[in-house]
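Below are structures written as structure tokens.
Both complexes below contain chain A, partnered by chain B and then by chain C.
Up next is the complex of A and B:
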């Protein structure tokens, strides 16, 4: 028997929240989704009428840091989105049922809410051997495909689900694959290891409010949070423009909080909201605590060489060969080749050089000037050249 | 040395037109500035480190130089491509794109004479020989790659039309870090090319004695009359 899904307001009332709490929640949700105060009315209306969407949260090859980040959303009422207002029907980490009951709960949600539930996926899927990740006797790939087929929206939490992350590092033994390469529908990629809790809740809120996915960039990331580089929003940016850099971890510049660019900070090549929303209740973010960004929300960050230098391994030239090393070797080899060529040319082309020398004519410093025909010039104007330098 | 009794007639040939010479020197200056500023951006040196941030903007100026000069470089290059269609026979596109068999045979001839030195004497070409033309063809592709990767890196900081055309390069190459990596490596191609280029100026000027160096300043080359096919 199919139950009628209550609206968000109804489910909040059932839990004992007052109308005031509900309106407060609407305001926070609107702010999290980046709406202006004038559209608050729409938010209230949506939450009064829209049924509370069921959520299926799948875990595959991951470390659960995305879940850990999410449940630490600092604003208590924002964290409540998932626990109180969303119907979190299946998530391995937090759900009440276990074993067959858990599997049934997931299957029921999918079956009874076709086209209505939100699918949140944490972790990459191994395509190499299904045995690397099996849950309840089904392969990760099969679970994902089954769950994605009827989902209203699919969100890829973290770098695992978005890009593959560390388990897909070369040579990627399990063939860990990001989910957008497996399912044939649009996926909201929320990269980061983990993503910022406030970003995660804001994206869920957006889907909840508007019933559609937020505006995405070419890599499937919400533009709202991933359109700017950490570098461009970093509070240490003025030191970069002034050319003041930390040279080593224990120098005076590090103490003064100068730019960490020379310490391999990935801020200039990383798109994320860390410097804006910050972490742990807007307290700090890696650069603020004195360590460079490692670019955890960028595809391939795990294979981009040491975290403390910009130019790491270069394909085909060994692990420690930077572009500068390759270039210097090439330049030195070229100079060597040129020196050799210059020497052999002078030996090999001696005959040519001799012939060129023979072709050369001796010209009197003054007599020779002004005309090709030296003899003729001398004959025509003998008085002009008299009393020359000799 | 005794005066040579035999008079050897030389002709002078206007090889490099003014637009070609201007292109060459603007390009040379741009590459010099781009390599210096680019290297500094990749490896900022510890200078003016005793000042406070409000007193200076030197790294910002280095980056500004790089971006501004890059635009000059690109439009100068576009102009050169245009001149490859309207310029004289020595500037034409078919000096760089070897589409005839005899051009490849001539290229091999140059390899034998000038690179491997298997032969002492070779055919003398007035403008670029075909090996040089082919090298510039490769170089132009590096120009193109450097332009594309450069604009791709710049696209995240600019709303301008031109850089925005290259945003799709970033995910294609695996993120900004890799675009930066390739952009950095291509710089070394310019450095290696310049080293060879300068050596060959000395080489050709000395062994051939027909004004190779001065030709890019004044435009004139000198050739023995009996070497000129008319």
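Up next is the complex of A and C:
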């Protein structure tokens, strides 16, 4: 039986997006393509007439982890960005002036660079009440709309601005809302809690280096960093394929760095660059340091828990798949659900792995349990095992 | 009389507004307002307690890690487990790394531009700056060429006409007192610190996978040690931690501390400004004999009243007569009336926004004017933070703390009372950083020793499965965030979070006044502060920044259903 590959719209619906959202995302993709000849052209032109493109960085419902991540960038370093690359005219975290003088920096940049400045947004906007987030006596929603109107490009930093993040987790008490649902223009979404520093700096420098915005996927994310699952790029993937899993924190398998799937790792349903670009100067990423991925760059990841319960099934078994092809539907397994979990991309691959498992029996003490999973999965013959790849 | 509004207060975490009344060149009254709310506690209900650290860690990304630590401790207290020695050492190392990072970034990137005139640095003499730098420390970058290249870079930046983050600063303000060369030195180290800060947090990436927001774990730490394996924390990774610690100690002792003392020497008048409240509170942290034994903490627990260092009061977060929260001037309401004070375990948080609809010019400060509640310790407003910690440990006789504090007071030639001030707050943070960097090394050496002795355990396994928990239990996790005393209270029912409460440092410091009209730390500290130019509130942000505000932490208490939080007891 061949599993039907869900369409992007189906994938999005499964994640709780409405048809209106889907149409919006279609608009993002189309508009992003069109940007190179319209407003993006203005940005490029601005670069030619000014030493550094003017940038306004707004802060709403956030924890400032995105700003903190940004200054962790090892290449380029943030001092070079501030002095040589961008004119960071407004960012509440670093700017010298406060109060009226700070607002003047923001308002002057917007007024004097209509259609030519870049808007970076950190944080979600609460639509429940304008009193939930006010800066300088104005509501977050008003400030965002005012700043977005004349922006050449808008970037949503992190999961707050892209998806609403933690404050939008159920029951979302303040109606925390991602910015793409508020402003009527395309947004480059850079999700993650926070996003990786070098991903952030790469995205803002991409335009300068190549004269166009990075290619975006259906969710407005740059394909350059969000087209691959953490699972498919993880250095521990071979252990997953071989059925070698950590069963308990700091057990022998953990000390050998085996796969964290059974500990709840969300790598199989998370599109991000963590396993390749890594964090803090290519040093590590959550899985490498022993904790599963919690899926922080995926919409609604806070409600896709508990974090330590493993996934029952996930779509798109195949490292050739990308975000646009399979979407990111994820469910948490019920107890015992792992037996139904499909472990590889197709029958051929599964056979190969089973053979490897059999070969490895005398070598790896944890093969037995992993092997049992593979066999159980095989016995159950889940439909997914064949589908996935095109 | 003029009413000055500073909103946004920049170079902080979160959204803070200050309204100050100025008469005769001095502040006579002040109001502090947190202007953003998210509602994390409400979101936590019904979830797996083992996940809570991840949710609460997102309360703040500047003081990342601290809420995760408070959270795992609260759960461990509830289910009655202690963590292995290695886990405690890794947590202590991550804690100290956070302090060193946070305090250095605060000094250079959030606070320095209140004292350093960047424009003045343009006309400094690079030779004289080099001589000055050499006289202050043994830091490697002190050549004339280094300062002259930096100055050229600054000049070409200014000549571009795009001043970026420096635009509309208070350059040339009469309150700037530093010689040009000190300004140039400080700008150089602003950039050095910006580049260095990304290194110290690599300790978090090694043990926790990433920074900001590394991973924590109820029962221990998620990383494993294995000296026979490339796929775990091994000798190479430990060597990297050791190297980062060595570099951090060097940066703190050769750059941060010398700069702090040099700059402070020109602002001694600020040792008599901004003192504010006379009461200080610290929960303490950095266990050396286990979290359950506060006497073994590097940072001591206690309270000081009326600046009397001869007596330190015991603090008990479980005693319902000690910590209470008020909402008389906060956008919440209590069933028993808005003048009531409730212990966090009995807390109610019904939302009641009565502020003006934006856009507005002024808040009605006679009524409710902030998203922060107002905590009190035995009815007293308390200051929390590095100054409170240093004072409590000093007063309790900690030799390590006494040594660094007395040495700095001697260097600056000021009495111990100089600590009760804006300058004292900023100095205490630096001195604490010096200790935190030393303790990093101490805990690291202990970790190596423990591994050498054959103990590689990082996790307490027996209570991991929620089925092993009692049907109902509750716990409290106390810690010290870089900005001050932090506590999480959890109640667990049927293996899920029944209630979760946080009382955080900036709630203590930045809250509105209580029903008796008593001001909290920010508001009180501004009284008497001189304001040279009402349109340029440099002096206000100096004192406010000396607290290192963190508003996303402070404003999270929101339960729109007005649920009553049941009384719970701490075992």
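Keep this in mind: the second predicted complex is superposed on the first by the 248 of 390 C-alpha atoms of A that agree within 3 Å, B and C clash if a C-alpha of one lies under 4 Å from a C-alpha of the other, contacts with A are read in each partner's own complex, and residues count from 1 in each chain.
Quick note on the criterion: contacts are C-beta pairs under 8 Å (C-beta built on N, C-alpha and C of every residue); 3 or more make two chains touch, one makes a residue touch a chain.
On a predicted model such as this, the values are computed, not experimentally measured, just so you know.
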TODO: Using the touch definition from the top, say if A:113 reaches chain B (first), chain C (second), both or neither.
DONE: neither
Open item on the list: Touch test for A:244: chain B only (first), chain C only (second), both, or neither?
Closed with: first
- [ ] On the superposed three-chain arrangement, identify whether chain B or chain C touches more chain A residues.
- [x] C
Task: First (chain B), second (chain C), both or neither touched by A:262 - done: first
Task: First, second, both or neither for A:177, with chain B first and chain C second - done: neither
Open item on the list: In the overlaid three-chain picture, which partner chain does A:162 touch, first (chain B) or second (chain C), both, or neither?
Closed with: neither
Open item on the list: If we overlay the two complexes on their shared chain A, which of chain B and chain C does A:297 touch? Say first, second, both or neither.
Closed with: neither
Task: Touching partner for A:189 - first (chain B), second (chain C), both, neither - done: neither
- [ ] Could you pull out which residues of chain A sit against chain B in one structure and against chain C in the other?
- [x] none
Task: List of chain A residues in touch with chain B within their complex - done: 218-219, 229, 232, 238-245, 247, 253, 261-262, 266, 268-271, 295, 298-301, 304, 310-311, 314, 323-324, 326-328, 330-331, 334-335, 338, 341-342, 344-345, 348-349, 351-353, 356-362
TODO: Write out the stretch or stretches of chain C touching chain A in their complex.
DONE: 5-15, 17, 35-40, 42-43, 47-48, 50-51, 54-55, 58-62, 64, 109-110, 113, 118, 153, 157, 160, 162-170, 191, 194-195, 197-198, 201-202, 204-215, 217, 219-226, 229-233, 331, 353, 355-361, 456-459, 461, 464, 535-537, 541, 552, 558-560
Open item on the list: If we count contacts the way the header does, which residues on chain A are in touch with chain C in the complex?
Closed with: 50-52, 54, 59-69, 71-74, 77-79, 82-83, 86-89, 91-105, 108, 126, 129-140, 142, 165-167, 169-174, 176, 193-194, 197, 236, 248-250, 254-258, 274, 279-281, 283-291, 294, 296, 302, 305-309
Open item on the list: List the residues on chain B that touch chain A in their complex, please.
Closed with: 1-4, 8, 42-44, 46-49, 51-60, 62-63, 115, 117, 120-121, 156-157, 167-168, 171, 174-178, 180-181, 184-185, 187-188, 191-192, 195-196, 199, 203, 207, 209
